[in-house]
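Working notes, beginning with the structure itself.
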């Protein structure tokens, strides 16, 4: 069952009403934005539940059990509860900065989905600079975390914000370079082109020995750091900074950070699946199912990290990036260029 | 703003408006009750039992209860362990800084009424109920995890009985 | 060293500066004068045969008539243990700090100052410690201490 | 440009949705601010001093190096896209470019800049 | 690089309500960025005046108060008080009761080290090990519960013996536990010991030199991690510890990692002692000792008894006047008191994340400090 048919039908119905083309495009874009928000909200709610269930499995517990079947609507209950929570703005906080931080955090996470291909044809707009756009927009998250840290006027929050800035600054470059080594092969920045260049399973970039796996590992490490997840969850290190940048946030504002964290995790997994695992490509099943399967597989890996590893210290985190990951990524980029030039594995 | 308090007043003017009120009430109170995030707050022996309750054999997560380190994001403060006179103002401040709606469980004899430190102690606050409003008392020194569960379930019952017109 | 060896060695070394107490069980307790405290502590720490490097505990006692202070000492290297005891009147109770000898005595002495009101000479940080910052009810460990909300356990036979 | 209209609309719709949820929550939630509640949380103590101070966060050097590498990444993107047509010359040129940067990184490393003092 | 810039130091409260201060300790940290310049501990948030309470209780009533002194190893607290009073009054404890005491204390030591293991992992950000160690801890608590009916504050070791005999199902359960514990500890080690992140977080952090450790009165596993082989169970044998063969693990770097290794090894050694004690347990005569009565008055005297607790030397000084049934003075000493005192020295110049790691590795719990 390909979903694209439904959307095409709806679009044609819209055209058939005879309103001007500008309105048609506008309505369809707004509608797709709302649909994607709905999908993302569902995915985030599911991911929170799944994370809790997975952690319970790792830890020989049950996880949420009493709210819905096996706690399936637990996160819905959490969300409704968070709507009812009082919203506190500390007296000393910088009110506008404090207010806008969660909004920017969420919007940055949400705007990425303009050009994420959920399936064959299931992409809002295939930007010709797709991957560059995604890399640029995801970095906005750090601005919101810095704003949250600064605006809260709380020392722990400030430290958390600073840490997240340092962390993103350090891991951005290896991530870009790892992505570049794939771009060298694709020859285009468009997400659709990236997926289409790996139609068959041996064409997936993770299987292009030897540069593919290295780039994939660098990408996964950098992505973990960018999404602030263990072992790189320093900005909200519970045991050191109590709750880090979101220490003063309550109610819906906290919910936005929470939602954005899980959307970001899904985003980086989706990018990873697109770049290295062939995106929607796969036999028999509809393309969007393949995409979701691969993405959730990567999400599982991130969750696995989280429930296994302790946390790094801030200086070790920086040194790991600058002294190990970055030289490795560049060496890998040169290797990829040479492989592309010499035609190795260039099937 | 609390406009929600007015919902019953207006809704009941329409036929079938009561259904809206009751279902809203049901959804809100039910979701509050099944998502009580507790603050990581433990001072003494009961804190170990609180930790054990969160661990594998008992597992708080089954009720949807997870811990938060910041009082801004937690709904429930489980005062586990002795509250001394030096600690009492801090407990009050923590309770103040929690976002409403907020609940308090007094866990263990010390927080209920001084417990084994009622007599002859110059430093222990004899019960926390004159510092913060307490919803559920759990006696025991320390209470078993099962009794803590019982207390939490009692609190859930209490939360479920809330009416939206009574909200602050 | 056994009990007897230790007592003979110490009494020979310090002569009348210390006196063995009969109340001590299991370990020798020596009564010393507070003027000699720091001197004796330095001596037992540097003595080759004793090498008392480990201060276990300092405790003040209010006997109802006067203060006593007990220093529980041990040597990790030589594996010997004994205790020193001071006796002083309530009036102007004061004792020298031994933190030059054993740094860990700092907190024990601070606690003594706070809970008993024994003044510590040459102590670098005599500030509020265990009690609340706004405490104004005196020294609660004294036997005759009382406060409005202080309840004594009823006697049951 | 039609492609980029989507970006604008997504940004607006995103902001709109968040503000809408904030508004919904505002209708429902209780609100009872008072002095102690709005005080900064600092482990249940009175905060000592203000947190808006000039403190040494020690990573501005990293930030500078980051700018260098990020600008470089911008140069690398067109290279990577066009690499398929350019051949050996582009490869060697880019290798030299990267080498210079890595040399700079190595220099900074030896200077002890990459240490979080 | 930084001379030209003016930066300010700032002060942060860490605690009393902080997830990783293990109770209610407060540090006033003076920080320069993420680096600690000075740390000043503020204690007393859990000062419950146990010593004052003991002065107003009869000797038998003091034992439950001692339970609350150090709740992670209540058995050892019972033992140290009972030992002191037995010395004071010259009471002989029956051999059978001594064996039960040793079994209970060593099991309690394992349980306490499990709490330490879990919270250490938790403080470093790994959550799963915490749940694993608490799972095994529950088995030990089951054994205690079937013996004395309590999970945490046991009141089991009394003056003159133990309160009651172990139930018949205790020994099979204990043997079953001992058969699996080594594998479980292997599991724990697999999760952390070789974990690269755990190693970089702990190696070379919070190095405590042997001289400083002794000067500050640090004892127990933390002292042995600094290379000093001093264990009261061997050097000043109390109870019947001289009947068992066990190693005293020693490491030489004195950093957080060594303190971790020591405690892991100690769990194995404790299991070894319990195994030997179960073998040697005299079956012929079941004599758990004669409990003292409420009007029990030991002779005039004073005693300082000390035992090796899981957090270092635990001591209690008791003075009795001989004519009342209440002690004149009970002064308690816990290992954490001295280990917290050395913290300001250890945390100078480290990052805020290391404060947490050091505090966890020293295994500080607050009731022992504040009493």
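For reference, chains read A, B, C, D and E in written order, and residue numbers begin at 1 within each chain.
Operating definition for what follows: a residue touches a chain if its C-beta (ideal position, glycine included) is under 8 Å from a C-beta of that chain, and two chains touch if they have at least 3 such contacts.
These numbers were taken from a predicted model, which means no experiment stands behind them.
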{"item": "Any chain that touches subunit B and subunit A", "value": "D, E"}
{"item": "Intersection of contact partners for subunit B and subunit D", "value": "A, E"}
{"item": "By count of C-beta pairs in contact, the leading pair of chains", "value": "A-D"}
{"item": "Taking each chain's C-alpha mean as its centre, the one farthest from subunit D", "value": "C"}
{"item": "Chain at maximum distance from subunit B, centres defined as averaged CA atoms", "value": "C"}
{"item": "Cα-centroid distance, subunit A relative to subunit D, in whole angstrom", "value": "15"}
{"item": "Centre-to-centre distance between subunit E and subunit A (centres being mean Cα positions), rounded to whole Å", "value": "45"}
{"item": "Inter-chain centre distance, subunit A versus subunit C - centres from mean C-alpha coordinates, in Å", "value": "63"}
{"item": "Interchain centroid distance [CA atoms averaged], subunit B/subunit E, Å", "value": "31"}
{"item": "Interface hub residues of subunit E, defined as touching at least two other chains", "value": "10, 12, 16-19, 34, 44, 47, 49, 52, 56-57, 131-132, 135"}
{"item": "Touching two or more other chains - residue numbers and ranges from subunit A", "value": "59-61, 84-88, 155-156, 238, 242, 247-248, 251, 314-315"}
{"item": "Junction residues of subunit B - those touching two or more other chains", "value": "28, 55-56, 69-72, 84, 86, 90, 94, 97, 100-101, 119-120, 122-123"}
{"item": "Pairwise chain contacts under the document criterion", "value": "A-B, A-D, A-E, B-C, B-D, B-E, C-E, D-E"}
{"item": "Residue numbers on subunit B that touch subunit D, as the complex places them", "value": "1-4, 28, 70-72, 90-94, 96-97, 100-101, 167-168"}
{"item": "Interface residues, subunit D side, partner subunit E - complex", "value": "42-45, 47-49, 51, 53-58, 61, 113, 116-117"}
{"item": "Subunit E to subunit C touching residues, read off their complex", "value": "43-44, 47, 49, 51-52, 56-57, 87-88, 214-217, 219, 228, 230, 235-236, 294, 300-306, 313, 315, 317, 319, 321, 328-329, 331, 333, 337-338, 341-342, 370"}
{"item": "Contacting residues of subunit A [partner subunit B, same complex]", "value": "52, 56, 59-67, 71, 74, 76-81, 84-88, 238, 242-243, 246-251, 254"}
{"item": "Complex interface listing, subunit E residues touching subunit B", "value": "16-17, 19, 23-24, 44-49, 52-53, 55-57, 64-65, 68, 71-72, 115, 118, 130-132, 134-135, 137-138, 141, 151-153, 366-367"}
